[in-house]
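Right after this note come the structures.
There are two complexes below, and they share chain A, which is joined by chain B in the first and by chain C in the second.
Moving on, here comes the complex of A and B:
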């Protein structure tokens, strides 16, 4: 637990140093925040090692009060993994923002460190009200980061803020109903007392609706493309890679622990169906989008469909493979999407256009950024041996073993085809060297290589595949 | 039906009437004035329900500061023409209200078995009060039992002010200062010392009765906002260390307490019992300072305050 708390505190300390420190230029701020992310990553890896070595989930009653009175923090292999993942993404996005030529705004540093703190607090929390506050924190930081783009992004940021607040209210109302029924907010206590009743159902429905709106899960995803496409590239990378995963984590926590198992079994197919529709509808929208970043943003909607599907099937079948698949998807998608957004930002800036057609001949003009885009896209499609392939393989195995489950496999196949379609649409344009769109400026190679880095890591995930599966195989939490 | 119910009934009717008229007011200015009135009635309702902490917070933040914020925002908007209420735009809000009201109604009509058995739900709080360092239950919950929540709430304010700073990218001619209306100036001169006194009292009072950092901070902020909009207080420059330091002070002390109790003491935010009261008072004092400055900047902050 010590290391996990250290991983939580370091980014906050970095942010406070940046806020109060004397003569804090953006350059110095970047050094402080990057060091904070690196320390946080190291601490999270230590925590991961301790918790897997001991093999037991650790809990901490804050303030030393007894259960029910105190807020409990919980460190499981999964939360340690997510801590490390968040720190890694922040480190990669920070490095990109530091060395890329395209500015992310001066306050990017303090805001990204704030976001990191809030996410770490979310992964560790096991208290529904505390989770609500972390959701608010994440929402505020994310909205502020969208606004870093300047006045042209204000509309998207304002919409995001209002929807995010509405989603929080809906979630909070659900928590109020759960509290009035069971008089506790602690997830583990709720897990032992919750029963199937009308009020519990209403509460769970409200919580689910609020979280789906926050996490841009189909059909409540309409705010996402504008917000994610409007932000600076490094911010979009953070928003798509980690921010939308926060509500997903709470959704998973609520449905696998708080909800009675029978109710979860009943609702599971609906969630999985929503995921399947997200795959196809999001992919279709991405395929038809005329703008580069909007395409990437819609692809987030589609890819979250896989996670939603894994969650739904986990709820209805209650088998550990789905748990593994869900979190592998989250990690693989986070890394790949970070790379896609950074590459899109670089290409957009260098070629001087937001339109997809501006990418004609990109393999010649911005080869490294385009390579990053294609490699990360390969993981989204699920080409072996990328992280996306690993996740999809784990997801497909139990589905294919039972003939009555084949319709789900058909959905996944359709989703894969659509993702291949929108990725290849970009790649085909990029190879069109006959009518090249000349770049505005000479490509700035450092940014392009840094955009490639997360994509290389996601392809490297296959090397760690066995360890990752073993780590998540511990089951629930 | 007893006579004591009469004020409650009047309050309920008033609340609904004012809420309705705020929603359907013909001009923006009327709607805002009615919203402030609505906040005051909500505060009275909380007081009637025996929650003076909430009443104070609602009066100071819900009615006072939010009212100022709305009026200031309205100055930047074009004059509104009469608008028609379009139900389709509010379907989401209407659904939310219907679900919430029916959920609560069902809760009242059909209490769950747990309600009947756990009649005294705050008993764990009551049992732990003697070790908490303060004698008021709300303060004990906020600053001790669930101090982590309060810490994160302070971060919410910090995030909000950092976010607000993003909204002043271009040098724009700021609004002409409010005409120095003599009555406002003399009122401010009378009210601000009083607000300071009451804020300090609420902060001190928090350990044994209703009050505490958020209420005290909101009152102090109200005073600062009045001084700021009458021009008696110069701009709070973000670049000055004093401003940034006081914005972060509460969070910093809270964080230091957490880290020190963790590394030297019994655990994360586990106050040593003998010093719990002192620690809580110190945290509340600095938190009051941070809350006051942040709320002032959030409500009255302009480019001069936030980006120079």
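Moving on, here comes the complex of A and C:
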């Protein structure tokens, strides 16, 4: 637990140093925050090692209060893995922001460190009200980061903030109803007392609606493209890779632990259907988008459909494969999407256009960034042996083994087809060397290589496949 | 202080639900961002009123719910202040863009 707390506190300390340190230039701030991320990653890996070695979930009551009054933190293999994942993404995005020529804004450093802290607190919380607080912290940091791209993004940031506030209020109302019924906010205590009742159903419906709005899960995703596409590339990478996963984590926590199993079984197919529609609708919107970053943002909506589908099937069948599939998707998508957004940012900066048609001949003018885009896209499509393939394979296996489940497999295949369509739409344009769109500036190779890095890591996930599956196979938490 | 009768708690809860619904309706229907922000705050008042009403079901009132309301109010106030500043900044930038001669759209 101490390692996990260290992983949580390090970015906070880094942020405070940046805020209060004397003569803090953006360059120094970047060094402090990058060191903080690296240290946090190391601590998270240590925590992961201890928690898997001991094989038991560790809990901590903050302030030493008794159960029921204390805010409880909990370290499970999954939360340790997510801590490490968050730190890794922050490190990659930070490296990119530090060395890319396209500025992310001087305040990027302190905000990203705050975001990192809030996310780490979310993965470790096992208390519904504390989760609300972390959601608000994440929301505020994320909105401020969207506004970093300057006055033209203020509108998108303001809309994002309003929706995010409304979503948290709806979530909080649901939490209050749960408390009024069971007199506890602690997830583990709720798990043992919760029963099917009208008030529980109302509470769960409110919590689910709030979280789906926060997490841009279909059909409450409409705010996402403007916010994610409007932000600087490094920020978009963070938003799509980790921020939308926070509400998803709480949704998973609520439906697999707090909700009575029978109710979860009943609601599961609806959630999975929403995921399937998200896959197709998001993919279709991505395919028709005229702008590069909007395409990538819609692809987040579509890819979250896979995670939602895995969650829905986990709820209705309650089998551990779906749990594994869900979190593999989250990690594979996070890495691939970070790469896609950074590559998109590099290409649109170098080629001087936000339009997709400007990518004509990109394989010649910005070959490395385009390669990163294609490689990361391969993982989104699920080409073997990428992380996306691994996740999809785990998801498909139990579906294909039972003939009555084949309609779900059809949904996944349709989703794959649409993902392939929007990725190849870009790749085909990039190979069009007959009418090249000449670059405005000479490509700045460092940024391109750093955009490629997460994509290579996601393809490397296949090498770790067995360990990751073993780690997640603990089931539940 | 004694606990409130069940009827009056239900009355408070009904008022709270009405506030939440009013806020939600405003959020869906209104266009002006400041009005929408006020709508969200009305929703928040409804949520907090629910908490206080539930707290009074017992004697003495449930201190945990009171603590949650205080925390929630702090979060709501800071978020509202941030939202107001951001909305004003967005408005200023929009006005600057429309008045600033023929500033072409990107592309």
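As a working rule, the second predicted complex is superposed on the first by the 477 of 477 C-alpha atoms of A that agree within 3 Å, B and C clash if a C-alpha of one lies under 4 Å from a C-alpha of the other, contacts with A are read in each partner's own complex, and residues count from 1 in each chain.
Everything below uses one rule, namely that a residue touches a chain if its C-beta (ideal position, glycine included) is under 8 Å from a C-beta of that chain, and two chains touch if they have at least 3 such contacts.
Since this is a predicted model, take the numbers as computed values, not measurements.
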Simultaneous placement of chain C and chain B on chain A, clash or fit: clash
Which of chain B and chain C A:354 touches, first, second, both or neither: second
Touching partner for A:70 - first (chain B), second (chain C), both, neither: first
Chain B versus chain C as contact partner of A:266, first or second or both or neither: neither
Partner chain in contact with A:155 - chain B first, chain C second, else both or neither: second
Partner chain in contact with A:169 - chain B first, chain C second, else both or neither: both
Contacts of A:182 with chain B and chain C, given as first, second, both or neither: first
Chain A: partner with more touched residues, chain B or chain C: B
Which superposed partner A:143 touches (first chain B, second chain C, both, neither): both
Touched partner set for A:432, first chain B, second chain C, both or neither: neither
Superposition clash, chain C against chain B - the stretch among 19-27, 37-45 or 91-99 that is involved: 19-27
Footprint overlap on chain A, where chain B in one structure and chain C in the other make contact: 69, 129, 133, 136, 140, 143-144, 147, 151, 154, 166, 169-170, 173, 177, 180
Chain A-touching residues of chain B, taken from the complex the two chains share: 92, 96, 99-100, 103, 106-107, 112, 114-115, 118, 121, 124-125, 128, 144-149, 152-153, 155-156, 158-160, 162-163, 165-167, 169-170, 241, 244-245, 247-248, 251-252, 255, 258-259, 262, 266-271
Chain B-touching residues of chain A, taken from the complex the two chains share: 2, 5, 9, 12-13, 16, 19-20, 22, 60-66, 68-71, 73, 105, 107, 110-111, 114, 117-118, 121, 129-130, 133-134, 136-137, 140-141, 143-144, 147-148, 150-151, 154, 166, 169-170, 173, 177, 180-183, 197-199, 202, 206
Touching residues on chain C, where the partner in the complex is chain A: 20, 23-24, 27, 33, 36-37, 40, 43-44, 46-47, 50-51, 54, 57, 64-65, 68, 71-72, 75-76, 78-79, 82-83, 86-87, 89-90, 92-94, 96-97, 106-107
Touching residues on chain A, where the partner in the complex is chain C: 69, 129, 132-133, 136, 139-140, 143-144, 147, 151-152, 154-155, 157-159, 161-162, 165-166, 169-170, 172-173, 176-177, 179-180, 185, 353-355
